[in-house]
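Right after this note come the structures.
Shared between the two complexes below is chain A, which pairs with chain B and chain C, respectively.
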Partner chain A sequence: MTSYFTPEEGDAFTEIFNIGAGKAALALSELLDAPIVFSVPFCVVLPLDEAVDYFRHRFGADICVVSQDFTGPFDGSALLMFHEASSLALAQAVLHSDEPVQAITELEREALTEIGNIILNACLSSFGDLLEREVATSLPRFLAGPSGAMLRGARGHEIVLVVKVDFSVEGREIEGYVTFVLNVDSVSTFRDAASRLLGRLH
Partner chain B sequence: MALSGLRSGEAPHAPGEAIFGVALERCETGIVILDAQARIVFWNRWMAGASGVPAAAALGRTLAEIFPQARLTRIGQAIGQALRSRQSSVLSRALNPSILPLQRQGGSPEPIEHQAFVKALEADGRLFCLIQIHDVTDAVHRERFLRRQASDLARLAEGLAASDKAQRAILEASPIGIAIVSADGIIRFANARLASLFLAGEDNIVGLPTEEFFTHPRNLLDSITRPVERMEVRFRRRDDSQLWAQVSAEPTEFEKAPAHLCWVYDISDHKKAERDLVSQRDRATEMVRARTEFLAMVSHEIRTPLNGIMGTLRMLEGSTLDAAQHSHLETIRYSGEALLAILNDVLDISKLEAGHIRLERQSFDLRLLIDNLVLLMAARADEKGLELRTEVDETMDWQVQADGGRIRQILLNLIGNAIKFTQEGTILVRLETIDAGETRARIRLSVIDSGIGIPRDAHEHLLTEFFQVDPAEARRLGGTGLGLAISKRIVEAMGGAIGVESMPGFGSTFWFTLSLERDTRRRQGAARPAAARRPPPLRPGNILLVEDNEINQKVALNLLHRDGHTVTVAVTGREAVELAASTRFDVVLMDIQLPEMDGVEATLAIRALPDPRRASVPVVALTANAMPGDARHYLENGMSDVLTKPIDPDRLSCAIARAVAGEAATDDRPGTHMRIDATMLDSLRGTIGSDKVDELIELFDTTSANTIEEIVAAAAMGQTEVCAALAHRMKGGALNLGLTSVSEAALKIESAIAENCGIATLKNLIAEFSEAYVGSLAMLRDAAGEPGTVAG
Partner chain C sequence: MIRSVLIVDDSRLARMMVAGLIAERWPTARMRETESAEQALVAVAQEAPDLIILDHSMPGAAGLDAVEKLRASAPRAQIALVTANIQNTTRRRAADAGCHFVAKPVTAEKIDKLLADLGAGP
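So, the complex of A and B:
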């Protein structure tokens, strides 16, 4: 968890995201009329270049991304990142398709965009709730391409908070990452959110 | 952007801003604006149309109030997020079957597929929520259509894949190798069978050049311009073993380039069977050839002593004898001649079997030949009180070109049989024309008897070797059982047919047909083969006898002196040539196997003498070489005539007469082999009785079979002394039964061992010995029933 955050703060972030994920899961389960479970096993903060390397190794080929910009107590971009195969599996699960989805077409794109939108909104609002501030979001975009380009193109551009998100949908286990690309100024606000949570716990 | 105070349908306060309101009102997208309490403050025309709710009815109410029936959870959440925390949401038709209950108005109402964007909007310090509704019905329809098509295509592809799989399975399971070979000789497709045929274990043959598998460095397919069917090709497998296959191929296309579709069927097993058969046949042929050569060799071995016996016999005939002695002499001579006849048969059949028969071509009068033959046989017929007569087509000119000796041999055999198997009545020899052309005539010769007849089921066996209808009867009457088989072979060699018609009790008709060349040049006075038996009156001549063997020399000298000839003797070929060069002889009698220079060489040397009178002296070959090619060989090498040993005095006289008269050679009748001494058997029979002799033969057979095995075993183990002892014992037994060739063969083994011969020689001798034994015993059994056998 590098020098930006203490291990305790890291744990706090993981917890915050778990709260957000729980909200998103609830919303999605309702929407899809099927149980969806998210879990956030860990999160990690990396400088942009290291994050680019991390995902290059992690995904190799092209990835699918749902991205939203956010403003408020901190500014930046939130990205939900999937390996292309995982995104296809997720689309198949949520669309109740009998046949494997071979490619991202308009329908899958729309479904994935909405799911990403729900998850990212939920995660960001859980920070907002803690800070008792609004975290405004833009409409989500669906992008496909190399992970490095996605990260570098994101708003914020300096520090990347990487949150591993595991989905369990319709008996499928799908791996994804929520990343927040922040500027350095946003770090203290994040830390504030973490200490508020810790303070509430202690 | 100041939206406060806007009312649907109202003109804006300022013309600059008014246009925005009109635009929102009229745009082809649903626009809804909610205030902070989620009450509708703007509801454009599109929304009114799609929802059926006019702006007037919508304004100031919440969505839930407008659509009380609808489930608005998702859009409600989105609105909440926007108004509470300014989060934006996208609501897709993919996850939301219906965001709002909207329908396309018109003829038939149709649900509007739509998506929604929900976001917070701030103006004049107040918070609003903007909802945009996009109609994506057309896009959804288009996509559904495309998806259906894609799904149909996928199913089709799956079906194709399944059928491809089935076809592939059939190809793979095929016992025939299948390949597609492109024009450059590379295998582009192959089934598993093809790979297993060529690669022996490996499995990837695709991509390899076919050249690798050809035994010759060429591409078979180069030459294929038309379909090939079942061409037999030898291939080399990857492990260098050989593959014989039947290949069919036809031009095809593979990946849009010319190629060949090939079927390869493994026929290695068939080929192997074929090769085995061929090699079996070759072995069999080789065995026949070996036997023939063996017989020729035995013939040579037997002829020399027989020459001595028969010659000495002739001399004895001229001396003073009492009645009993004369009778014994007759028996010996008769037996000797019978022995010759048997040997003739045996040698003949073996030559015929080996396909060595050579037909001579002479011009002769067939009718005269028959007349002479009947004259000859009449004496024997007379003895049995039978009438022998001829019936000849008188309208024909019977001068023909053929092998008269062979025709005579067949007739002699058929007439002899007829006399033998007929007790009373008539034997008729009939010569008929079937059809006669200018140059050829088809004729049929029949010998019709009134004898015992032959059962029908025996007819087909009658013409095979050693077959006798009733072995007991045959023993009583004598004969080897070879005569008819020999006749059949000769007739067939002449391109004719032979057959028998007979019924027991009603006599038999043996017939043969031949197609003969007619000699239209001139008629000759007499047919020599028949006339040759009677020696013409002879004027004494000056004769050079070339013979190294003392006994043969003595026999010949006596015969020649008896006829009053003057004889000079030479013992080597060289000596003969020297004498012939210096002295004028009427005839030279030339042995073939001579020291220093053999008979043939000597003859050629004589023919090359400078004095033409000396060089043209008639040279008559005296030979024990009875093989069919021999006589021709001698005649081709300058000899005038050929006499086979043992020397028949009458034939010798005839030959000398012919030679002196300058006639061409006619007598090349090959000699025969002799294996058994019938006189010995006869005298034994006289002493101890026929039954005892038969018993002795069986006993000899039983014990000797063991002895031969022991000899072979002893030789194999190198126990030469045991071998010699056994051979010695065998020799004694064989002599007692008159098995001359067996005892001689045994003697050879004994002497060879005494001279420390090698094991290879010994083995050859043992093989010779076994052969002599088997052959002799077969003959012995034939001859056991009756004294004095005569060729059948």
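So, the complex of A and C:
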């Protein structure tokens, strides 16, 4: 998890996100009316510049993002990032549509925004509940463009907590990332959340 | 007896899902929709509904912040907060405001439970 967090705290983050992912998976399966297999293979913390390089290599071309700013115990932005193809597959699954499409329609944008809203809120709630504090979130925004511009345009601007999320819906494999772009000041609050979880385990 | 429902949500998809589920259960219910709490206040002043399905995070006023004013115009309306914001603090605020709480996405099971809680089940 780099020098920002100890390996033990890193394990705690993965567990916190697993709790959030579990809630997100339940919500998504309700939305799609289909079983979902959802996993969080890893999470990692990177300085902003390294995160921009990381995603440039993984995504290459433009991506689709649902973004929400958050304030409260920690400040920053949460971004759900997908390849455009994964976004289309997900939107069509929600809308129960089999029509082949080349571009995202207005209704699909709305569907993706609502999916992002549900997934990001599920992840943020797992931190807020652990800290027993309210995390206030802005309205979700749907954006498309290069990943670097998305990360640099986020509200936080120093470190990026990257969480890989994989899920499969009715045989369709969908790969995405939840990222939290934070200021360094917020790191101590994240560390507090990790400590609370570790404290419960010890 | 619930004869009229007001659905308040900035997401067209969310409104479509709720409206579809309610129409299946109450084909005769009068349904209106608004995209914001401000529009909801106008709609409620024109005609008080029996049930308000209220999103929390919307442009303009948040759902929970509008509950008091909605009640002033429609004191007998039941209010269900329907939101993706599933934090314990939000659930507590909804309970304190006397609202039912439904976590998004809305499903047939959740609507049936809400109707049962309201004493208006099918």
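Structure notes:
Criterion: the second predicted complex is superposed on the first by the 200 of 202 C-alpha atoms of A that agree within 3 Å, B and C clash if a C-alpha of one lies under 4 Å from a C-alpha of the other, contacts with A are read in each partner's own complex, and residues count from 1 in each chain.
Going forward, contacts are C-beta pairs under 8 Å (C-beta built on N, C-alpha and C of every residue); 3 or more make two chains touch, one makes a residue touch a chain.
Since the model is a prediction, treat every value here as computed from it, not as a measurement.
With both complexes brought onto chain A, simultaneous placement of chain B and chain C is prevented by a clash.
By the document's definition of touching, both partners, chain B and chain C, reach A:Leu107. Shared-chain residue A:Met150: touches no atom of chain B or chain C. In the overlay built on the shared chain, the residue A:Leu79 is in contact with neither chain B nor chain C.
When both complexes are overlaid on chain A, the residue A:Lys23 reaches chain C alone and has no touch with chain B. Of 62-70, 440-448 or 656-664, the chain B stretch that intrudes into chain C once chain A is superposed is 62-70 (criterion: clashing C-alpha atoms). On chain A, the surface patch touched by chain B in one complex and by chain C in the other comprises residues 27, 30-31, 94, 107, 110-111, 113-114, 117-118, 121, 124-125, 128, 134-135, 137, 139. Contact residues on chain A toward chain C in their complex (touch as defined above): 23, 27, 30-31, 33, 94, 107, 110-111, 113-114, 117-118, 121-122, 124-125, 128-129, 132-135, 137, 139.
The residues of chain A lying in touch with chain B in their complex are 27, 30-32, 68, 72, 94-95, 99, 105-108, 110-111, 113-115, 117-118, 121, 124-125, 128, 134-140. Of all the residues in chain C, the ones that touch chain A in their complex are 10-14, 57-59, 84-90, 103-105, 107.
Put simply, chain B touches chain A in their complex at residues 73-74, 77, 81, 84-96, 115, 117, 119-120, 139, 143, 151, 154.
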